[in-house]
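Consider the two complexes below, in which subunit A is the common component and subunit B and subunit C are the respective partners.
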Partner chain A sequence: MNVKPINYFEASARTRIACLVDPESFTEFCPPELRHISPHLVRLNAPVAFDDGVMVGRARLAGHPVLIASQEGKFNGGAVGEVHGAKLRGLLDKALIERPVAVLLLVDSGGVRLHEANAGLIAISELMRAILRTQSAGIPVFALIGGSCGAFGGMGIVSRLCTEVIISEQGRIGLSGPEVIETVKGVDEFDSRDRALVWRITGGKVRRALGDATRLVGDDIGAFRAATAELLDKHAGRPLNSSDLDDLTAAHSNLSIRAQRYDTARDGRIIFQEAGFTELESVALLPVDDFNRQLEGSP
Partner chain B sequence: MNRPSSQPATWDREKQNYQARLARGAALASGRKVSADDIVRLLEAVIEPGDRVCIEGNNQKQADFLAKSLARTDPALVRELHLVQSVLALPEHMDLIEQGQVSRVDFSFSGQQAGRLATLVEQGRIKIGAIHTYLELFGRYFVDLTPKVALIAAQMADRDGNLYTGPNTEDTPAIVEAAAFKNGIVIAQVNEVVEKLPRVDIPADWVDYFVKAPTPHYIEPLFTRDPAQITEIQILMAMIAIKGLYAEYGITSLNHGIGFDTAAIELLLPTYAAELGLKGKICTNWALNPHPTMIPAIEAGFVQSIHSFGSEVGMERYIAARPDIFFVGRDGSMRSNRAFSQVAGHYACDLFIGSTLQIDLAGNSSTATKGRISGFGGAPNMGSDARGRRHASPAWLRAGREARPHAVMPRGQKLVAQIVETSREHMQPAFVERLDAWDLAESSGMELPPVMIYGEDVTHIITEEGIAHLLRCETPEEREQAIRGVAGYTQVGLARDRRMVENLRDRGIIRYPRDLGIDKRMATRDLLAARSIKDLVLASGGLYNPPKHFRNW
Partner chain C sequence: MSTLFDRLFDSGHHAVTIDGEFLSGTATVAGGEAVVIGTHNKAAINCGLALKLADAILAAVREDRTLLRPPRTIVFLVDTQGQELSRHEELLGLNGYFAHVARCCDLARSHGHRLVTVIHGEAVSGGFLAFGLMADRVCALPDAQVRVMDLRAMSKVTKIPYDKLVVLAEESPVFAPGAENYWRMGAIHELWSIEDDWGICLASAVTRAGSEDERALLGLERGGRMLAAPIAALVAAA
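Presenting the complex of A and B:
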């Protein structure tokens, strides 16, 4: 059967869920017809969305029960406001009751919704705490990143808290976005128009080479599905033990080694170099399969 | 014979003046070579007050170092200049005017400086001779605007001063031809000086001086359009263009204007047009810059030839690897030539299609807005009927028959199409009762409102609503209603006479997507042969090397 790849990057939040999970297995919580809209946007006379830019629900993926959320990057850059955040946090709370194999977060967000200021910040901190609580209850949380907004600001932190991070080459993870850094620190610090540089610093390939992402996949919803299914198989029936002290200590020491090693690095090239890539200029164009083969084959 | 014998006629005053200038410059040069440190003094030595000066530059390459150097000359020495050049695009061009060194400009296009130029004109600090099309200005180089000093840009020189202008040859041959053979001084800035050039584009004995610029001349990647930004409305318009215009007339030779609307057409050739069985029947021969969005169509075998006005940053290796398609020198690199490509676009192409900002009820279109004198560039030459054309082609003959069904003498007509969304950004209507060009002409004291393409030359208008075959209209009233009929929900569109529009539809003058058998729901990004810059790179087999700010990997 010849299945046409469906571009993850361009798909809407709803299309992503529809193509990712098993057919007709998705049930949405707080669907748009209930019109849970942002009260803050209404007061500012700004456009609202009936799902406040995120859909949450229950589904099956390769037969495994999952809870799933998908952010709509085209609505306010996927930014997290009060209602949006509450839906995500509520989903994670529900996981404690339903105990799915995993919670999947399809992240496509620039971070906190600035219109909602403190309410957005509180939502993000609640979300972080909920992820840690879910994981300590033994339920893994996956971040899937491949939309145009990437995972920035608070959602960058949220993504890195996740048990597994599946990213495409177009996906990005970071804290302050390139434009913000350029505005605050100047173009010499970070030229946000140098898109190749932006991707060498925040993009999927460099995040995979650094170990920030656990899987790098092609820009195709089918590829995201395959990687997610494989990781669900891995986690199913094996409750997460995230409070293992040895694991945490090891992770922390790895982070401090990494912080020292790349302290003066100005470009992702050095990370590719240390990851064993020889032709640095061609890394950007390397097909995903070749990249993964070279990366995993490296010492 | 009454000639006074005491005073023999002098026929070489210009030549003597030329030699005097060279003599003044000699001390600052070693042969033809001038060092970057001496270039300001050299310009002061060879330029005389009142000179006509051409600083080469177009929408792509710019003699930017020479422009900067000229702006650093002593205004007491270098003054009353008459700039005769394609574009006034660099800040230095405006600096020269503000420093009082320029008394008059004749040009074609001003791009980013359009606002500053309008201010200088309104303040009375500069007089504009005329705003031309490229070809028109090149023509005047050989009649009444011959440059006395030409400051040009080349990629490389050898030690003798032969120049390699390579893929971005652009305007150089036209400028040098006019200056060098009419006692003008030709000064070239080059990126590098080499032992042996890949090929000689301009021979050394047409060049008086060359200087290695401290930084390579700037080239704008003007024709690169990221497929990721193409909208479904643009895709729908591209479907209408392909089925309702290209296939209808069997258009094989054409020129595309710049923009996302035409990029969408290019990306639909290997998909939608191929599905319609149009490969080999349309779009085979082009006058066109090397648009990266043409790569999938070229790779699919749609295209037979492309001659270019200039090159495009990042396309060099791809072009060099496709010499059957592009005009490539014996050395393997492309050569462009704006003058020849403009001639090709005017006389040898059956269709021009491009976007615009405003269209009035007579079909006149303009990109002028108040407070900005932006000029024309090449579009009016492409977008006008070539009245001097004498060779026939099926598309040209058919257009002629449709436009003049009752004419006794058979003659063809060029197809000139405007492709616009009915509303632009910020819901500005593309269709207006009165062009802003009228206001600009008043505030800037122009003799003519700056109209890019005259209504009488426009044969088709394509919007997301449909296509209007203006050439099939019999009266100005019909024409107006045909335009209103595709103007959608703009004020102009809402004021249409529904009965007349339905009548025009019955007669095939207005055709909506459903009349053409186009299912609007098919207009999705899935139809694009490439959806990102990266797809273009992959389609080129890695030969296309996009500028870094177009990449997202």
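Presenting the complex of A and C:
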């Protein structure tokens, strides 16, 4: 059966869930009919959404029970406000009760919603604590990143707390977006309109080469589904061991080595070079499968 | 810094060293030894500084475990303007270094260390998320500046007139800078005044530090964040 690929980048938060999980398996919690909108946006006369830009619920993926959240990048850049953040946090609290095989976070967010900045920042801190608690209870949390807003600000930190990070080539993870850095530090520091450069700093391939993402997939919801299913199979029936002192000491050493090895680096080319790629100019054009093969085959 | 240390620690007793913007060492709190880790001079937190913070936390956990002694309290002294804005830091994956610091905080908590934050300068955005907000109890000194972004920049980004934001900020704690706003929303547990005995305040904060995240309930109780707790509960009970 040939299934026409559905572009992940362009899809709405709802389409992503619908195409990612098993047919008819999704139940939404706190659905838009309940109209839990942001009172803070109302006060500022800013547009609101009945789901406050995120949908959360329960589903099955390749038969595995999962809890799932999907941020809508087209609503306020997927930014986290009080209600939006509380839905995410509530989903992780629910994971402790239902014990799904994993919690899937379809991240598409620039971080904190400035209209309710304090509430958003605190919500992200609560989400961070909730993810760590979920993992300590043996339940993995996955981040899926491939939307137009990527995973930035607090959601960039949240994504890196996740057990598995599945990213597309177009997906981006970082802390401060290129536009912010350019605005504050000038165009010489970071030219946000240089798309190739932006991609070599924050894009899916460089994040995969560094190990910040655990899977790189094509911009197709089917590819996200296949990678997620494979990782769910891997985690199913094997509760996550929570990080202990030795794990974090090892992680610390890896991050220290990275910071030393790339102590003056300002371009992802050096990362690709160190990862064993020889044709540096063509890495951008390399099909995902070839990229993965070369990366995983490299010593 | 010595004025702060004098007011914070028992008889000003401490062995905290200052290495650039990074602070680490030990001090006497409530008659016992506490680990002190932090930043000053409005540090912009980069990967190097994040690694120092994480390393100090891991060292405290390791030391107490090796010596088979009760886990010491860890006091975070927070003064950060946020994350360093640079292409180099982004390439390294600064967000991942912050996540690592957060994981180290959580490890310390799970090993029985009590984590208390004292904001003694600025606490801004990502820099605050990485360690200060990860504590069990967060206290702010009278001159603490806590924010995501100042109102002028916020006005520019949201396209909402500055004057309107100023007026709205009077009645809502939700977006305007200020430790008081974070107190009302439950993310800062205690605001200390200039007259307070900060040593006594710190000792009491340590005893009151709980390891559960109850900030949303606190925000509800204080009337500054009315939806976070009920919406999360609604989802969890669905």
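Everything that follows uses one rule, which is that the second predicted complex is superposed on the first by the 299 of 299 C-alpha atoms of A that agree within 3 Å, B and C clash if a C-alpha of one lies under 4 Å from a C-alpha of the other, contacts with A are read in each partner's own complex, and residues count from 1 in each chain.
Keep in mind that, in the parts below, contacts are C-beta pairs under 8 Å (C-beta built on N, C-alpha and C of every residue); 3 or more make two chains touch, one makes a residue touch a chain.
Small disclaimer: the values here were computed from a predicted structure and weren't measured.
Upon superposition of the two complexes on subunit A, no clash is found between subunit B and subunit C, which fit side by side. Of the two partner chains placed by the overlay, only subunit C lies in contact with A:Gly85; subunit B stays clear of it. Counting the residues of subunit A that each partner touches, subunit B and subunit C differ, and the larger count belongs to C. Of the two partner chains, subunit B is the only one that A:Asn7 touches; subunit C does not reach it. Within the superposed three-chain model, A:Ala229 lies out of touch with both subunit B and subunit C [touch as defined at top]. By the touch criterion stated above, A:Val112 is placed in contact with subunit C alone, subunit B being left untouched.
Of the two partner chains, subunit C is the only one touched by A:Met128; subunit B is not. Once both complexes are placed on a shared chain A, the shortest Cα to Cα gap between subunit B and subunit C comes to 15 Å.
Taken together, the two structures place no residue of subunit A in contact with subunit B in one case and with subunit C in the other. For subunit A in complex with subunit B, the touching residues are 7, 9-10, 169-170, 193-199, 203, 205, 284-285.
On the side of subunit C, the complex with subunit A involves touching residues 47-48, 51, 54-55, 58, 61-62, 65, 83, 85-100, 102-104, 106-107, 110-111, 125-126, 128-130, 133-134, 147-149, 154, 157-158, 160, 164, 168, 172-176, 181-182, 185-187, 213, 215-216, 219, 225, 227-238.
Across the complex, subunit A is touched by residues 228, 525, 531-532, 537, 542, 548-553 of subunit B. Listing the residues of subunit A that touch subunit C in their complex gives 29-30, 36, 39-40, 43-44, 46, 56-57, 82-83, 85-87, 89-91, 93-94, 97, 112, 114-126, 128-130, 132-133, 136, 153-154, 156-161, 173-176, 178, 180-181, 184-185, 189-190, 201-202, 206-207, 210, 212, 242-245, 248-249, 251-252, 255-256, 258-259, 262, 264-268, 271.
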